[in-house]
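Okay, so chain A shows up in both of these, paired with chain B first and chain C after.
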Partner chain A sequence: MIRKLRRTSPFQVGLVTVFTALAAFMILPIVFILNHAFKPQNELFLFPPRFFVRHPTFRNFESLFLHASNATVPFTRYLFNSVVVAALTLTLVIVVSTMAAYVLAKYQFHFKQLIMSMITLSLMFAPETVSIPRYLIINGIGLNNTYFGHVLPALASPVAVFMLVGFVSQIPNDLVEAAKIDGASHFGIFLRIVLPLSVPAIATISIFTFQGVWGDVETSTLFMQTETMRTLAFYVNSLLSGLQNNVAGQNLAAAAGLLMFIPNLIIFLLFQRKVLETMIHSGIK
Partner chain B sequence: MGSITFHHVFKRYKGESRPAVNDFHLSIEEGEFLVLVGPSGCGKSTTLRMLAGLEEISSGELYIDDKFVNYVSPKDRDIAMVFQNYALYPNLSVYENIALGLKLRKTAKYEIELRVNRVAKILEISHLLERKPSQLSGGQKQRVALGRAIAREPQVFLMDEPLSNLDAKLRAQTRAEIIKLQSDLKRTMVYVTHDQVEAMTMGTRIVVMKDGVIQQVAPPRQLYDEPANLFVAGFIGSPQMNFVNGSVLKEDGRFYFVNKRIRLALPEKYGSRFDSLTRSERNVVLGVRPEHVLLGPDRTDEPQPNSVSAVVQMTEATGADSYVYVAVGETRIIARTEPETVYRPEDKVSASFQLEKLHFFDENTGDAVGGEPG
Partner chain C sequence: MKTELSPSIRTSRAQTIGLRWSRFWAEIRRDAFCYLFIAPFLLCFTVFIVVPVVMAATLGFTSYDGFGKLHFIGFSNYIELFTQDIIFLTKALPNTFLFALIVGPGGYMLAFLFAWLIHQLPIRIRDYYTLAFYAPSMAGAVALSVVWIAAFSGDRVGYVNHFLLQMGWIDSPIIWLQDPKYLMKIMILVSLWISFSVGFLAMLAGLQTVNRELYEAGRIDGISNRLQEVFYITIPSMKPQMLFSAVMTIVSTLKAGSISTQLTGAAITPQYAGHLIINHIDDYAFIRFELGYASSISVMLLLVSYFAMRFAYRLFGSKEEL
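Moving on, here comes the complex of A and B:
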C-alpha cells in the first residue's frame, strides 16, 4: 500500500483531491435531506439556518402519519398504488424494451432504419408536449382510473430501447449464430443468451425507469380522477404544495421528502454495481 | 450420411457487382475432410456459412444427404460449427455450453450427462466443466468449442478458421488432434482456413478459392505437384514457387524454354502439350519450386547447358533448410539448399532446374499449359 502511494504522481494526488471534493459537494443534498427530516420545529426555522441536526426527533414523521390518517384516503393506499405501479412499469418496460432492442440490434428487416429514426426522434419531445395526446389516448381506450393508465404512458421508453440497442449490438453475432445452430429458436436465443448478457444494461434502465415512475405525478393528475387510484408521489406533492406558504407544515414536508427519496436510494444501491459494469463494458468493446 | 452437394451455388450481396461466391459446384463425400483455402475475401467463409444456413443462397441448390436444404434452418441441417473466436456463451458454464445443443433438442438428462462427460474426457477438459468461459485460456476455449460440436454428434462438422487465434505451438498440437478426431469420428468435415500449411496437412481434399471462384479441387499432393493455374501454384507452397517469363521454341524437333538469360532443353515428356499451341500462345510462365532449383559453383567460364549464372542476394536459414535468394538478371529465384553450404551476398553461383519438375502456365490466362507432368 505504502509502495503504491509513493508511486502516485502529484497529478494523481491533485486529481483525487478534486474528485473527493466534488463527490463531497454532490452528496450535500442527501445529507441535508437526512438531517432536515429529523430536525425539531425550532431548528427548522433557526436563523442563520443550521446544516446538521442537533436534537434529532421522529416528531416530523409522527405528524406526517397523523396528518395522513386524517385524510379521506389512507396513506397506505397511496403507498400501495405506488408500489404496484412501479413494479408493473418496471417489469413491462424491461420486457418490451429488451425484446425490441434484440430485434433492432440483431435482425435485418424492412423499415428498420425508419423505426430507429422514430425512436430517436421521440427522444426529443419534451414530456409537456405529449400530455394532451396522451390524455386523449388514455381517455379514448378507457384507461382512466386504472393501473394501466399509470403504466401505459411509461411503457414505450425510447431511452431504454435506445440504450439497449447499443448494448445488445455489442453481443457478438457469432454467439447468436452458434445458438441458432445449437437449435435455439429466436425466443430461445433471446431468453438464454441475449437477456442474461444484457443484465448490466437492464439494471441501468431499471434505475432510471424506477426513478421516473416513483416521482411521477402527471399520470395521477391527468388520468386519475378517483383519489384512491393516485400515487404516493402525487400525495406528497399535493401535501407540499398545499403547505408551501404554511409555516406549520414545513416539518411534514421534510419527513415526506426523505420518505420519497429512500426507495430511489435502495434501488440504486441494488443495481449500481451492474451499472458500473455497463460503463466498463461499453468502454472496452 | 453426411454427403454434401453444391449445385452451381452463387452468393450475391446487394450493391456489389461481383458475386461473393461464383458458381460453386462441388460434391463432398461422406466422411471426407474437405478444406476450403484462399486469401481473405475469397468467399470461403461465405460458402461455409451458406452450408451452415447462416447465409442465404442467392441461386443454385444445396443438398445434404440428397435432401434439398436451401430453405432449411440451421438447426434442422444436422450440422455443428466451430467459430474462429469460439463463440462460447459467456453466461453459461463449460458444462452448460456443451450441453445446450442437446438440451434444446430435448435429449434425456442422463444422456446429456453421459455425452458431455464422454466428450470432456476425449478433449481432456473434465476438470474445467464448472468454469465460465472467461476463466479459460485460448486453447481451453477452443477445446470447449470443439466439445460443443462433438457432443451433438452431427453428420457434418463445419470449422471456420478455428485455429487462427491460437499461438503457433498450440496450433500445431490442436491441428493434429482435429485430424485424429475426424478419423475417429468418421464424419464429414468442412474446414475453412487461409493458412496453406493447415490446408495441406489436414485435408483429404482441398478447394482453392479466389475472388469467389474455385481455382482447383484436388488432394494435397496433387495440388502441390500439379497446380491448375498460376494462382494455385503461387498460393500453395512456402516459400512460393519461382516464376520465370519466357517462351517455348521448337528447334530440330525439340522444345526449348528461352528468355534473355535462360535456355533450357525440355525433356520429351513436355513435347505433346506444346505441339498444340499456336505461335502466339508460346509465351509462357515457367514455374519451379525452390526444392527443384539446384545451386552449384560458378561456371561462367565454361557455360553448361540448362544452367544459368546467378548472384546471391540473401539467405534465410530455417534450421533444417536454407533458402537462398538469387538474382538471374531481373528475375529473383529462391532455391532450397542444405544448411551446411554457406552462401554470402554477392557470391556468384550457377543455378539449374530439375527438368522433370517444371510447370508451365499460359502467360495471358495463367492456366497450366496442357496437362501436368504425370
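Moving on, here comes the complex of A and C:
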C-alpha cells in the first residue's frame, strides 16, 4: 500500500503518456486493416493516399462471399474448411491432451518416465523444422487431401500436454480417490472432475492451438493438393501473392485478412482472464 | 514368493525372468486404462514428431528425390552444405543469423520490457494496453501481410513512401519490398511487430506472481534501483514463465521464414536478400525435390533449435531438469 502511494508520481504519468503513444503505434496495422477492408475501390486510388476510410462499404465482404463463388473454388469453401479444421482440432487437442495429462499426472505405470522425458525433450527443439518427413508420412499413410491431414499433426502438441500435466497434478488426490470410492469409472473421473477443474489451462491451450491452426498455411500448402481442401489462411496468402505493387484488390485481401483476425480476437477476449490464471499456476516448471 | 525366501531351493534363471514377465504383464493389464488414455496422444506424437525427426536424420545421409530409390551417401550432404553451397554460406546463413539474433533475443527482451512496463501501469487500464500490444500477433503473419504490402508499396501511393516524401526525407519513392537493401530490414521490423505473442502473455502473468514482500526485503538488503530489482527479484521469481516464453520465441523465430515469401510474393527473394535457412530448405525440398539434401539442412536447423532451447533452459530452467 505504501509503495502504491509513493508511486503515483511523475513516473507513472509519463509512463502512461509514452505508453499510450506506443500502444497506438503498435495497433496501427489493425486500424489499417479495419479501414482498408471497408474502403470502396475508388478510395484505394486516391492521391494522396488516405489512411482512414471515408465512405465505408460492405462491398468487399459481399464480393468475397458472392463473386468469388464464380471462381473454381468459392470463398465459402475455404471458410468452411477453416471452420471445420479449427473446430475439430480444438476439440480433439483438448480431449487428447487432457486425457494424456490426466494419467501422466495422477498414475504410476510402466514407460511413464520414458514418455515424460520424451515430451520434455521434444520441447527442446522445434519439430516444425522437419516438414519434409511429415510430408512423406502424410503422403505415405494417405492423409493428403483429407481433413485428418490438417488435424492430426496438430494433435501432437507436447507443449499442451506439458502445461496440462503441471495443472492437473495440482488437483487434490483426495478428490480423485473420493470419486473412485463413490464408484466413478476412470472415464467418469476424467469427465466429471479432471476436465472441469482444468478449464483455465484448457482455455490457454485453446488460444494458442486455435491461433496456430487458424493461421497455418503449411498444412494447406504441403499436404493438400486439391484446392477444395485448403483453408482460409491459404486463400488469404494466395490473394497476397498478386498484390505486390498492385493496388487493386488490396481491399478484398484486407477484408479477408480481417475475417482471419476476428475469430482470434473473440477467442482471446473470451478466455483472457483464464489464461492469465493458468500462466500463473502452471507453465513450464 | 516362496522361492525367494528359502535359499535351499535354487530357482532357475529362466523361471525368475518368467515370473517378472508375468508380473510385468499383470501390471500392464492393471494399468490398461492408462495406456488407453495416453494412446491417442502418443500415437500422434510418434507419427508426427518422433518418426519425422528420425526420418530427417536418416534422409540427411541420402540422396533422394521423392520418387526413385534412396542412395546412402554418408556425410556428402553435410560436406557439400558447408563447403560448396555458396548461397547457403553467403546468404542463408548470415541472413538467418542476423534475423534470428534480432527477432529472437531482441523480440524477447522487448516483450519483457513492455510486459514489465505494462505491469507498472494502474490495474484498471492494463488490459487495454495488453490488447493493443497483443493484437498484431493475434491477427497473425498472413493477415497482416496485407497491411505491410500496402504500406510498403513501391510507388508514390504507398503509405510509407508518401509519408517520407511529404516530410522531404526522400526524393523519389523507394521500391521497398523488391530492393535487396531494405527487404531484410522490413522483414525484421514486421517480425518484431508480431513478436508480442503468447509468450508475452505468459510474462505478464508471471509478473503478477512475484511476491511483493520480496521487493521490501530486497530494499532492506541494499537493492537501490529498479534495474537491480528486475534482475535480482523479478526475473528469478518468474522463471517458469520466462522459460515458456523463450520456448515459444525460439519456435516462432525458426518458423518465421515464410514472411519473406509473403512480402515479396516470390519463393526466392530478389538477390536472395531475405533468404533464410527455412527458405533454403523449402527451395531444395519443394522446388528442386532434393529431399535428402534438404533434410540435411533441416537437421542442422533442428540442432540449432536444440542448442537454443538448451541455452534457454540453462538460463531459466530449474536445476534438476538439466
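Note that the second predicted complex is superposed on the first by the 205 of 285 C-alpha atoms of A that agree within 3 Å, B and C clash if a C-alpha of one lies under 4 Å from a C-alpha of the other, contacts with A are read in each partner's own complex, and residues count from 1 in each chain.
Criterion: contacts are C-beta pairs under 8 Å (C-beta built on N, C-alpha and C of every residue); 3 or more make two chains touch, one makes a residue touch a chain.
Since the structure is predicted, the reported quantities are computational estimates derived from the model, not experimental observations.
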| message | Is A:110 touching anything from chain B or chain C once the two structures are fitted on A? First, second, both or neither. | response | second
| message | By the touch definition at the top of the document, which applies to A:122: first (chain B), second (chain C), both, or neither? | response | second
| message | On the A-aligned overlay, A:197 touches which partner chain: chain B = first, chain C = second, or both, or neither? | response | first
| Once the shared chain is lined up, is A:84 touching chain B (first), chain C (second), both, or neither of them? | neither
| Touched partner set for A:181, first chain B, second chain C, both or neither | first
| said: A:34 in the overlay: touching chain B, chain C, both, or neither? Say first, second, both or neither. | reply: neither
| task | On the superposed three-chain arrangement, identify whether chain B or chain C touches more chain A residues. | result | C
| message | Taking the superposition on A as described, I'd like to know which of chain B and chain C A:53 touches: first, second, both or neither. | response | neither
| note | Interface with chain A, chain C side, in the complex: residues 24, 27-28, 31, 33-35, 37-38, 40-42, 44-45, 47-53, 55-56, 59, 66, 114, 117-118, 120-122, 125, 127-129, 132-136, 138-151, 153-159, 162, 166, 175, 177-178, 193, 196, 198, 201-202, 204-206, 208-209, 212, 215, 240-241, 243-244, 247, 250-251, 254-255, 258, 262-265, 278, 281-282, 285-286, 291, 294-295, 298, 301-302, 305-306, 309-310, 313, 318, 321
| Residues of chain A that touch chain B when the two form their complex | 172, 174-175, 177-184, 188, 192-193, 196-197
| Complex interface listing, chain A residues touching chain C | 3, 12, 15-16, 19, 22-24, 26-27, 29-30, 32-33, 36, 45, 47-49, 51, 96-97, 99-100, 102-104, 107, 109-110, 112, 115, 118-120, 122-137, 141, 152-153, 155-156, 158-159, 161, 186, 190, 207-208, 211, 214-215, 217, 222, 233, 236-237, 239-245, 247, 250, 253-254, 256-258, 260-261, 264-265, 268, 272, 275-280, 282-285
| field | Sites on chain B touched by chain A in the complex | value | 52-54, 73-75, 79-81, 83-85, 87, 89-91, 100-101, 104-105, 148, 152
